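Below are two complexes that have subunit A in common, paired first with subunit B and then with subunit C.
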Partner chain A sequence: MKMTLMATKTSIWQWPTLSGRPPLLAVLGPLGVVLLLVVSANLVEFSFMHIIRSGRPFIDFMQNLLVMPDWVFMPQLLTKMLETVEITLLATAIALVISFPLGILAAKNASPCPLIFNVTRNLLSVIRSLPELVWALVFVSALGLGPLPGVMALAVVTVGFMGKFFAESIEVVGENAVEGIQAHGANRLQVIWYSMLPQAMPDFIGSLLYILDHNLRAAAILGLVGAGGIGYDMVMSMRLFNYNRIILIVMSIYLLVTLLDRLSVRLRMKLIHGQAREALQ
Partner chain B sequence: MAIIEINDVSKTYPNGCSALDSICLSIEEGQFVAIIGPSGSGKTTLIRLMNGLEPATKGCVVVDNLKVCKHHLRKIRSRVGMVFQHFNLVDQLNVMTNVLSGRLSRRHWLPSMLYLFHKTDYAAATEALRRVELLGKAWTRADKLSGGQQQRAGVARALAQEPKMILADEPVASLDPVIGRGIIKLLKEISERDGITVVANLHQVKMVRQFADRVIGLHNGRIVFDGSPSRLDDAALHRIYYGVTNENDLNGNKDQHLAVAYP
Partner chain C sequence: MTSDTLPPKPKRFLWIWLLFAALVLILIARNLEINFTTLIWGYQDIIEYFSRYGRPDFSEWRHYSALMLQTIAIAFWGTVLAFAIGFALAPFASLALTPGKISHQTARETLNFLRAVPDLMLALIFVSSIGLGPLPGILALGFHTGGFLGKFFSESLDCVPHGKYDAIAAVGANFPQRVMFAGWPSVMRETAGYTLYIFDRNVRMSSVLGLVGAGGIGLELHDTLRLFNYNQATALILFLIGTIFSIDYLSTFVRSKLK
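Moving on to the complex of A and B:
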């Protein structure tokens, strides 16, 4: 009786493959990932018990933040936040100008030849391989302390990311529209300009807004190595246990990031769907 | 004078699929030529050979006295407009810019990088839009148009180019019969009034009979019919769509086939 039930069960339910069994990769893939995690968890000393036991000190630390903000700190905070925003905008703008042509060269369908494509792709990953803070250290030792090395470090890393994102948004554009422009005798550059860029633009604007968001947070810690922005004050307050300042710094970064996020949602709607009001309603 | 000469052309795709087999064809200037044949018979490949969107594996194609090769590609394409099954407009640009893009071939790259066009370009684009009755939508984004409107914008783009020939790859396959008929009528009128050669892939035998000056029938990558639409009788249609030359092979169910196949 049990056997027949089993038999009918297997005959009714079946995977949409030729053999009726689940695809091998779908079984082995997740299994492999779990195995990898189990092995590597040991390597980074991952332990649930340790995390659970650390709950108490964490709460203790968070309680420290429940203090009256140090309002005297406000003017200095505002100047430093302004500096952070300026570093972000300047670095992103510089990176935009540089990564626009690099992105075109690094896109398989827009690049003039495979050699240039490979060289730019590799250049972009080399730039990306060092994080902002390391680039900041390099520029601080070259240019001295202050916001300038911060701008340079952030701009360099952003070129690495933005160039890659831009290249990828060009690579996925629809072939049809490209052919539509090609068939009427446009040259290479015109084909890129009139069929690839307009199609890649919404995607690219999305990446740009994400990068702006990311750069704001990155600029906030550049001060850690003396490269300007709010980071220096943040680290110093942390070290001196000035919780009444930390709470102000955290809140202001949160406010800025949220504001930027709201703005980017609106902008994206407008650019992707043509009109903002239509899309939001 | 012949605007297109196709000499013993074969096309085999890299995956080994043979699309065209020793095609010889010459198309006279100013005619409306319809290419018909079942799906997969090589119609699209034949059309795409004519402006080099697809290179031939063997033989040579000569368009307006220029051999289709890498060197002449842009020169040929600047004289040949194209209308596509899926319109192939750039969705993010407005209709006017899409139509103006038909004139890119005659402009220097520098102003076109700034999306600047000459006054004469606007005149040609406006006239083209007027002819396809789409002037009211000139500043609308292309993806906001209906299918029929998009195809008319596609025709306007080809017209704005002031080409010697327009290639139309199944221009009405994504449209309803009434709108599709309007597009074909438009292409016919363009060929008659402006003397522009039109080569179109079509599936609608009725429209072919009404509008074409010449019909080319393809089956399995070979030309099996070439003549005026008045000669396109049932036997010819069978030769084209079933590849059967002998009527005795039809085994008496010919009428049923016909009823289904040729609306």
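Moving on to the complex of A and C:
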């Protein structure tokens, strides 16, 4: 009796494969990852002692954050947050205008010739490969401190991403509408304008919302290198250990990002899946 | 005759919206005291400035490669941490699998919180609490992107046909068994794709973590630009572009194979 119970117990935890042994990938994959972690442990100066010793200062730091917020800082905080939002909006709008034609050129089915397609696609890739903060560093040392280098850095990187997303949403449009318009003798531009763009639009607006979300987060840290926004105040209060300001800044960024996140999820659901999907969410 | 049979043209307010958007943008530019005309008039200065980046100086390439390797290692460790967080939280955050309403809400809000704080800000917090070095960078990347991976994973788990969950629940599987035998095997490909995408993103991010003292190549770049060493800065930027470009290319290639 006891034996059969044991037998059923063990058979429940068998792997659901024919042989009952774990699949090769499920063993080799994690093993490879662990191996890479061990090999690179030296590079990242990993040690368990360091982690254990870090616990105490981290808790101390968090306790220091539990102070009365510095309400006098509030007006300055609000202007800086407004500046952050403005940098986000302006950069995204500039990038939208530039990446619209670039996206069409970088889409395989809308591009006039393979050469232009390849050149644009790789150009977008190169632009994308440098993070905003590197561009911001370069522009700050060119134009001086202030929001202008921030807007330009953010716009440049956003062109790289938005152009790619836009091209990808054009590439997956249905062939039927394209052939239908072509059958009426439409030229290339008309095909793009009347059959490809309307189909790609919902997808594209979805990625635009995602980018807006991402850019707000990026704009919040551009100030680290002096490119405008709330980031500068964050670094300064961190250096001066003004915990009563840090808590205000972190909370306000969290609230703003969360608000935009929720809003964009709502909008995206409506745009892409219609009302039915929203009920599921 | 045809004009009688056609339905009336739908009214479109697109132009009004565009005008409104343009107005708002102009007001924003005013408020930020940005003047784009000075940018246009100063084009000669701009060309002169960027021409300073023309002569890359690769004499310290050994040092740069070591830093770049460290940057990639930070991104890798961060991605593994993020995967662990996503793997642990996603089944609870997924509506189709979650054992209860409270655990669902808790997991979702935790993921939202992790996502909301930008990673460099997290790095700043970790650096000032536990000191300089790659560890705060790994923690910042891991926690921030863990929020993303958890969200992506839970969405994939929700999209699995519910028959699979029902079938395995009908033969008496409990929550961990449903997750391990019906959940993850069904979304393995997407999971791998998302993780690769996050690794790609983390390499890009970890190259600027050095700005706040969290290890990697970023600090070197910051210092060279501060000292106006344009030749070395160019070399560093080219290094960055090359590495990130090839990792981006590789991960896109693997992801397209996964689909």
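As a convention for this text, the second predicted complex is superposed on the first by the 211 of 281 C-alpha atoms of A that agree within 3 Å, B and C clash if a C-alpha of one lies under 4 Å from a C-alpha of the other, contacts with A are read in each partner's own complex, and residues count from 1 in each chain.
The definition used in the following text is that a residue touches a chain if its C-beta (ideal position, glycine included) is under 8 Å from a C-beta of that chain, and two chains touch if they have at least 3 such contacts.
If you're wondering where the values come from, they're calculated on a predicted model, not measured in any experiment.
Visitor: For A:Y194, select first, second, both or neither according to whether it touches subunit B, subunit C, the two together, or no partner.
Guide: first
Visitor: For A:H184, decide between first (touching subunit B), second (touching subunit C), both and neither.
Guide: first
Visitor: Residues of subunit A touched: more by subunit B or subunit C?
Guide: C
Visitor: Which partner does A:M74 contact after superposing on A: first (subunit B), second (subunit C), both, neither?
Guide: Once the two structures are laid over each other on A, A:M74 reaches no partner at all.
Visitor: If you stack the two complexes on chain A, which partner ends up touching A:N176: first (subunit B), second (subunit C), both, or neither?
Guide: A:N176: touches subunit B, not subunit C.
Visitor: When the two structures are overlaid on chain A, which partner does A:V44 contact: first (subunit B), second (subunit C), both, or neither?
Guide: After superposition on chain A, A:V44 lies in contact with subunit C alone.
Visitor: Name the contact category of A:L24: first (subunit B only), second (subunit C only), both, or neither.
Guide: Neither subunit B nor subunit C is touched by A:L24.
Visitor: State which residues of subunit A lie in both footprints, the one left by subunit B and the one left by subunit C.
Guide: None.
Visitor: Could you list, by residue number, the parts of subunit C that touch subunit A in their complex?
Guide: For subunit C paired with subunit A, touching residues are 21, 24-25, 28-29, 31-34, 39, 46, 49-50, 69-70, 73-74, 76-77, 80, 95, 112-113, 115-118, 120-121, 124-126, 128-131, 133-135, 138, 177, 181, 204-205, 207-208, 211-212, 215, 218, 221-222, 225, 228, 237, 240-241, 244-245, 248-249.
Visitor: Per the contact definition, I'd like the list of subunit A residues that touch subunit C in the complex.
Guide: For subunit A paired with subunit C, touching residues are 12, 16, 33, 36-37, 40, 43-46, 50-51, 54, 57-58, 60-62, 82-83, 86-87, 89-90, 93, 125-126, 128-131, 133-134, 137-138, 141-142, 146-148, 151, 217-218, 220-221, 224-225, 228, 231, 234-235, 238, 241, 250, 253-254, 257-258, 261, 280.
Visitor: Given the complex with subunit A, which residues does subunit B contribute to the contact?
Guide: Of all residues in subunit B, those touching subunit A are 51, 53, 74-82, 84, 86-93, 97, 101-102, 104-105, 107, 109, 112-113, 115, 141, 144, 154, 157-158, 161, 167.
Visitor: In their complex, what parts of subunit A are in touch with subunit B?
Guide: Residues 176-177, 179-187, 189-190, 193-195, 198-199, 201-202, 274 of subunit A touch subunit B in their complex.
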